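Two complexes are shown next, each including chain A; its partner changes from chain B in the first to chain C in the second.
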Partner chain A sequence: MKRFVNSWTGIFIVFILLYLLKGLLPMAFLTEVVIFSIYAMGCSFLIGRLGLTSFGQPAFLAFGAYGAGIYLYYFGTNSYVAILVGVLASLVINMIVGTFLVRLNSSYFTLCNQAFCVVTFFIFQKALVKWTFGDNGLLLISRMDPTPVIDLTSSKGIYLFSFIVAILVWLFFNYLMKKSVFGATCLCVKDNEEKLRFLGYKTFNIKWLAFVIANTVAGLAGAIYTVYFCMVNANIASVSSASEAVAISMLGGAGTLFGPLVGSFLFIGLKDIVSQFISHWEVLVGFLLIIVMLAGEKGIVGSLETYLEKRKARKKPVATGVV
Partner chain B sequence: MGRPNMVEVRSLNAAYGQSKVLFDIELNIKPNERVAIVGRNGAGKTTLLKCMASLLTPTTGSVIYEGTELVGKRSYEVARMGLKYIDQDKHVFLDLTVRENLELSSYATGDYNWDKVFKHFPKLKILIDRKGAFLSGGERQMLMIGRAILGDPKVLLIDEPTEGLAPSIVDDLVTTFHELSKDCAILTVGQNLSFVSRVAERVYAMKEGKLVAEITDEAEIKNNSYSHYL
Partner chain C sequence: MNGQLIISAIVLGLSMSGVYFLLTVGLSLCYGLMRMISLDQFLYYALGAYMVYTITAATGSFWLGALGAMLTTLIVAFAVERLINKRVYSKPVMFSMILTFGVNLMGVGLIKYIWGLTPKPVASPIGGSLHILGTSVPGYRLFVILLAVAVYIAVQYFLNKTILGTAIRAGIDDAEKVEALGINISRLFTVTFILSSVLSALAGVIHAPFVMVSPEMGMSITAFAFMVVIIGGLGSIKGTMVSALIVGQVVSLGAVIWAPLAEMAPFLVMMIILLIKPTGLYGSKLMSR
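Coming up: the complex of A and B.
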């Protein structure tokens, strides 16, 4: 209960903080941070809760992005529908791909996800070039109509929309990680999959569902990304950005609720600020990642949580439980 | 002794790669019976239990449980059928509390009657909100058995239950095993002959992958006079 209250409080504080930052930081930066945090949330869940590290996240981002992009380019002008199409496209692909990939153990899972990312990149760049226009991509700037309630064609509207979606995704993962039996079984898959089978659980189903949920959330981020940038090209699935979601998750703290947001803030911040002075800004992210991992392998939020738990434990000794 | 067998192991052979571990094992368990397999390290006791729980596929032979062949089934299917395996490493889910560990088992079996768990292990009720990582070896063993008895299993396969436990906890386990056998059969393996003598109604002696003797005489079991087989 305490953890539940804490996370609700946390979400509320983040909501206020991000709203206040709106006046201090560029809207474009904040929007990108929020979209990236949605993108990284699935990856963080896979790493932190199931112990599955995926270097194939750009592929899952791309399916959502292209789902939305193809709808807007060929079929309609409503951005809400485009996002929905992106999510559905991503969901279907993840359900199929997940059936094969989650059968692999962690190292092979990681490598095959990356291989899948390479395949996806070439599908969008070469195989479907007639429809996707490869590296040039689909330009959608004149193909989106203003939307009712929140206008997704305006910068304020897309920020607000991404923000609301992020909050909903946070709440969903909060329930999944802290309140559901499914979340607990995910943790047990990471801890000891065989033991979970002893209890009568078919662990394949657990991993498959987690894979579908996590990567459909990445697809959702991809669809919003397309609407935000008004374009999508094959580079979104580029294997060179395969480590971004993993780096963000680890930097912030894999498996934590706010890790992806903190990680995205740092990652995008470093990318935007440092790249003005150093062309190879990734070097700094690399060093930061090493330092954070050496400090406890739990990322910033994970380390902070551990520190606070220890502090609380020092103040209030645990009962021995001796009968 | 006219009761039908609940579990029958017939001509079971198992191997790890090229190295053969079990040789023509024949074994049976009757309902509510307490059976023990004793043997030295490397005799193949754990391998036999793993074959019975479908964690290992035997090279030949069969494991029949209530008339159903278990070889070829998945371990979660075997668990759902009522044959639960408790392994020797006393591994509970470390990040979950006692309550969450029990909830997992309840969710899988649909059995939320925790009173029977607390009847056997009242200490778990006190430790209900403690994480698995902070439980002692004895407490973990209690939790593992407590988790396993949810869903009313018909057979418990318990690997080395006394390993690393203090003598007072072993004494408690003796009582618990007697109580548990009112509801299900127990097959336990181990090297602690003193424990076996107080728990088992029937003992199989195992040596180098073979069951070399079956001891049914109560006095022989009490006096551990079968140790020359090991």
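Coming up: the complex of A and C.
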């Protein structure tokens, strides 16, 4: 019960902080941060809790994005339905792709995943060019009607909406990582898969479910992305952006609840600032990745958590805010 | 569809196989000995191509450029190995993957900074063409095929007949025992890494006249290299050669049938092979760690 309250406090504090920051920072920046934090959540979960490094994350982002985009372009005008369609599309594709990819061990998984990402890029760019218009993309700007309750066509509405979705995703992953048996078995897969199999668990099912959950969340982010930018083109699945999700997860701390948020805040902030001075931000991202990996895999939030736990162990507990 | 088209597609496929083989033999060696997936091989590939462009433009000699590219890569790879990569050999494979990806990304950024974004052309050093069964085949493609065969024989000779190669093969089987025999395994790692990187650079050098040299060239060949490595089985030189042959043919013949097939067909082949044998064609159980 106490941890439950704590996690709620954490989410509440983050909520207030982000709300206050809204006055200081441009809204476009914050919206992007929140959407990216949803996107990186799945990748962070896969790396930190399952030990599967996913360099193919843009592919799963693209499925959600194109699901929403194709619905809006060809079928309807309601953004809520578009996001739902995007999520369902990515769910179905992940369930199929997962059965192939998850059978492989971790090195093969990573390589296949990145290869899959490249193939997805070519499918959207060249093979389906009649429907997706390749690099030009689907322009949706006049195809969205204002929606009831939260108007997703306005910038304020989409900020609020992505924010609410982010909180729901946090709550979901908080439950998944801290309280459910499933989350615990995921960690077991990372540490010692053979032993878990020996104990009678079907590790394939665990990995498959985790894969589907993580990548459907990425698809959700993709769908919101489409609605936010009012367009989607093949570049969303390009391999050169595969580093973003991994960099964000590692920077913030893989497998932590707020790691993706902190990571994407730093990553996008740095990218925005740096690209004003030098146009090639890859240097910086690469450098950060090297530093984070050499300093240990914990990342910012991970290191903070260990520090807080150490302090808690020394002193009598004071309710620590950030989980 | 006529015979000439098919013959020239097969020759093109064989020369692509040569490039893929040179590029992936490094990945395979690194995984076999050090249990690391060295994504920075793609950086050395791009670096090799850029160095050959620069030196060829300055001196006019492609062969001097090739030599210069390999020497530069040797130095860069040595520095990277000593400064960065050696720190993660003992850690799980995930570390090396993300770390070397970071190195790759940083290198690509630096290449963009130094050489700019515009693609650069490199002239083919061997002009002229041969006639095979009534089809004219560019001489340079045949040269690439012969070079890849020569490198395959040289690598096999090095691994099987020389003392250093024998030590590397022993290290692939059991690194600890090799260390117990008094062989400096850390030096062995360095030698293997540099060998892999120089071969990757050679792949970049010989691929440069086929394509325009651009900063993203390492990124765009990544997927094919991975497919070759996975189909052949990580860590196996012979498997790498066989799968490079398969992928090269699938790419070039696929492009003859339907252009987008060139990019997707190897992936389908990979998926089918993985369904039958999850460790690739020649990957042993030992390698599946």
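The rule is simple: the second predicted complex is superposed on the first by the 310 of 323 C-alpha atoms of A that agree within 3 Å, B and C clash if a C-alpha of one lies under 4 Å from a C-alpha of the other, contacts with A are read in each partner's own complex, and residues count from 1 in each chain.
Operating definition for what follows: a residue touches a chain if its C-beta (ideal position, glycine included) is under 8 Å from a C-beta of that chain, and two chains touch if they have at least 3 such contacts.
Quantities reported herein were computed from a predicted structural model and do not represent experimental measurements.
Of the two partner chains placed by the overlay, only chain B lies in contact with A:198; chain C stays clear of it.
Set against each other, chain B and chain C differ in how many residues of chain A they touch, and the higher count belongs to C.
With both structures placed on the common chain, the touch criterion links A:290 to chain C but leaves chain B unconnected. By the touch criterion stated above, A:280 is placed in contact with chain C alone, chain B being left untouched. Applying the stated contact rule after C-alpha superposition, one finds that A:185 touches chain B and leaves chain C untouched. Once the two complexes are laid over each other on the shared chain, residue contacts for A:115 go to chain C alone; chain B is not touched. By the touch criterion defined above, A:250 lies against chain C but remains apart from chain B after alignment on the C-alpha atoms of chain A. Chain contact summary for the complex, chain A toward chain B: residues 181, 184-185, 187-188, 191-192, 194-203, 318, 321, 323. Within the complex formed with chain A, the chain C residues making contact are 31, 37, 84, 87-88, 92-95, 97-99, 101-110, 112-113, 216, 219, 222-223, 226-227, 229-230, 234, 259-260, 263-264, 267, 270-271, 274-275, 278-280, 288-289. Listing the residues of chain A that touch chain C in their complex gives 47, 51, 53, 55, 100, 103-108, 110-112, 114-119, 122-123, 126-127, 239-240, 243, 246, 250, 278-290, 293-294, 297. By the touch criterion stated above, chain B contacts chain A in their complex at residues 53, 55, 74-76, 79-80, 84-87, 91, 93-96, 100, 103-105, 107-109, 122-123, 126-127, 130, 134, 147-148, 151.
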